[in-house]
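To keep things clear, I will list the structure first and then write my remarks on it.
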């Protein structure tokens, strides 16, 4: 018997409709990441405008200019790509693209529902945080490659800021690992349905880990370089910092990477503190995870309207004294919550 | 049968190592070194040591590569390294390297070591911290070594800080 | 699955490249790169040998955790020395750092 | 039979690979027409609209170098803490004491680093 050669068209259809391919290509994978980054750009501009008593984008489409960022995308894509003289072309082009890939890679670890996840790694949380550690390297290389003064200052600021706030971020998420007893993000969500009991009710980890959650939120805003921690791209001081020399599409890539990071950190906060896809009522799990992620995104955007910018020395001193001390205190509190206070 | 994942990761590791030594610009060298570290982390994963791989990514690529890049950028462009002068050194190195490669080749060709079986539940992550802190069986754990490590870290950091700061002229 | 000898081969190549760099390069940073490569070769070898038994020896993984920590600190001290040398000599070519020579 | 978690990892690496390819293709498709012979004025660095003077990679910040060193140390510390936290319930107090000593010993260099970094005349 001779094996028939597989029909290429039917095989393609079979691959294209397989659940894994759909997940990678549509949700939570590529297509949704691109669209969500564009929508978050619009949401960011709109909410900030409302906070500052402005209107914000309104002309493109009847729905409050919701298509504004797509119009910007087309505009920026057709701008001329000017690479400055003496710039290091390889790293100049690579850094924003790789930043986007890194952000999208973070999304691949988040469980949006029991089925809607790309990878269920047993070491999910450390891998997420280890990937976040790569981003100061990229920003430093981007600032260095432009061979211009303001981008280089921005890159160095970003290096000190992101490395300094990395440590409280890790230490605050250790509290979650202690309560859940697992690194796997799906198992952490599951642990919240049967986890911490107070007054006869199961609580999400934000209740026993409230201190850790606050530290996590503050440090994740610093990792995303948003106001009040946007020193590496401070517009009035160093004119967008490490992004100053980027032309057209590369600027879009650098900005988009920032918004993908906002999305990924909000989704991670939802997953480890707010019970992920768990929720009351008959609504599907996917609804709950998207709803909570949106709430977190709005909270982070509102911070931008509410605060000013700190100085670099203040930022680093707060990070290495106050936040680090609180994170260690949080670990101690969590230890006593789990093990009980030892009798002396 | 060679695993294609292994081939890709091993090739990236070796090419990164060669570039790290031979790239003209030190910044490129540091980036290539980062690729080597990432490749070694991938090989750890293929050997079922996932936590060690995460440790490698966090410490080597997150911290060491950043520190190296910082120093390279501080030092600035090096004025072109002079070629090797001592013929004896290069000859010695060539002999050494070819010897190593010969051993490596014979290792691969002979099936001295069997393929690794997947370890399943015995590669449990929990086992790692259990063994690290409490030990297993006759082994008493690594608590003493952990404390010694902390003293080494303290000594190294204070030494590095004292070296790098400038003395104010009185 | 991949035979362990392939992993040993990668480790040996890393070691050879590292030794080559250490003996032939003059820039201090380049030599530091070589040292890191040799560290990585050793770590890879330890992990591969710990897989020789089934179930694997977890001790091998723990030794590598310590080894990585020590390598990180070695890099920190080495880079501090390089910064100092650059301040004093404005050069990091090891053959020009000969002020102690009588 | 492969170990649990390995196929997941292959999916994940595949996902990152697909991402890279997709973003690069989008970039190539969208990349705009280039000026073949840009004038020197066009290629000059922007530098907030002023004429660039001197080398581009100056203005180095070294005052916060101690924080960078502390990052290396605390990276190691937090990875060991992760290993401890994973298995807290079975390790118990006997395993917590060494970790506690480990962390508290490493608070001393942090104090020294803070003291150095807050004095600009040291750098």
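General remarks:
Should a chain be cited, it is by its letter among A, B, C and D, assigned in written order, with residues numbered from 1 in that chain.
Going forward, a contact is a pair of C-beta atoms (placed from the backbone, for glycine too) under 8 Å apart; a residue touches a chain by one contact, two chains touch by 3 or more.
Only a predicted model underlies this, so the values are computations on that prediction, with no experimental measurement involved.
The minimal number of chain-to-chain contact steps leading from chain A to chain C is 2.
Taking each chain's centre as the mean of its C-alpha atoms, chain B lies 6 Å from chain C. Centroids of chain C and chain D (each the mean of its C-alpha atoms) stand 21 Å apart. The distance from the centre of chain A to the centre of chain D, each centre being the mean of the chain's C-alpha atoms, comes to 14 Å.
Across the assembly, chain C contributes residues 65, 68-69, 72-73, 75-76, 80 that each touch 2 or more other chains. Shared interface positions of chain D, i.e. residues touching 2 or more other chains, are given as 4-5, 9, 57, 60, 68-73, 75-76, 79-80, 83, 86-87, 113.
Of all residues in chain B, those that touch two or more other chains are 48, 50-51, 54-55, 58-59, 62-64, 66-67, 70, 73-74, 118-119, 123, 125, 128, 132, 149, 153, 157, 160-161, 164, 166. Taken as a graph of touching chains, this assembly has some other topology, since it is neither a line, a ring, a star nor fully connected.
Only residues 65, 68-69, 72-73, 75-76, 80 of chain C touch chain D when the two sit together in their complex.
Against chain D, in their complex, chain A makes its touches with residues 20, 24-25, 29-30, 77-87, 97, 100-101, 104-105, 108-109, 118-123, 126, 133, 144, 146-150, 152-153, 156-157, 159-160, 163-164, 166-167, 170-171, 174-175, 177-178, 181-183, 239, 244-245, 248-249, 253, 312-313, 316-317, 320-321, 324, 328, 331, 335, 338-339, 342. Contacts from chain A toward chain B in the complex involve residues 88, 90-91, 121-123, 126-127, 129-131, 133-134, 136-137, 140-141, 144, 159, 163, 166, 183. Those residues of chain B that touch chain D in the shared complex are 5, 45, 48, 50-51, 54-55, 58-59, 62-64, 66-67, 70, 73-74, 76, 118-121, 123, 125-126, 128-130, 132-134, 141, 143, 146-147, 149-151, 153-154, 157-158, 160-161, 164-166, 168. Those residues of chain D that touch chain B in the shared complex are 1-6, 9-10, 13, 57, 60, 62, 65-66, 68-73, 75-76, 79-80, 83-84, 86-87, 90-91, 94-95, 97-99, 101-102, 105-106, 108-109, 112-113, 116, 121-123.
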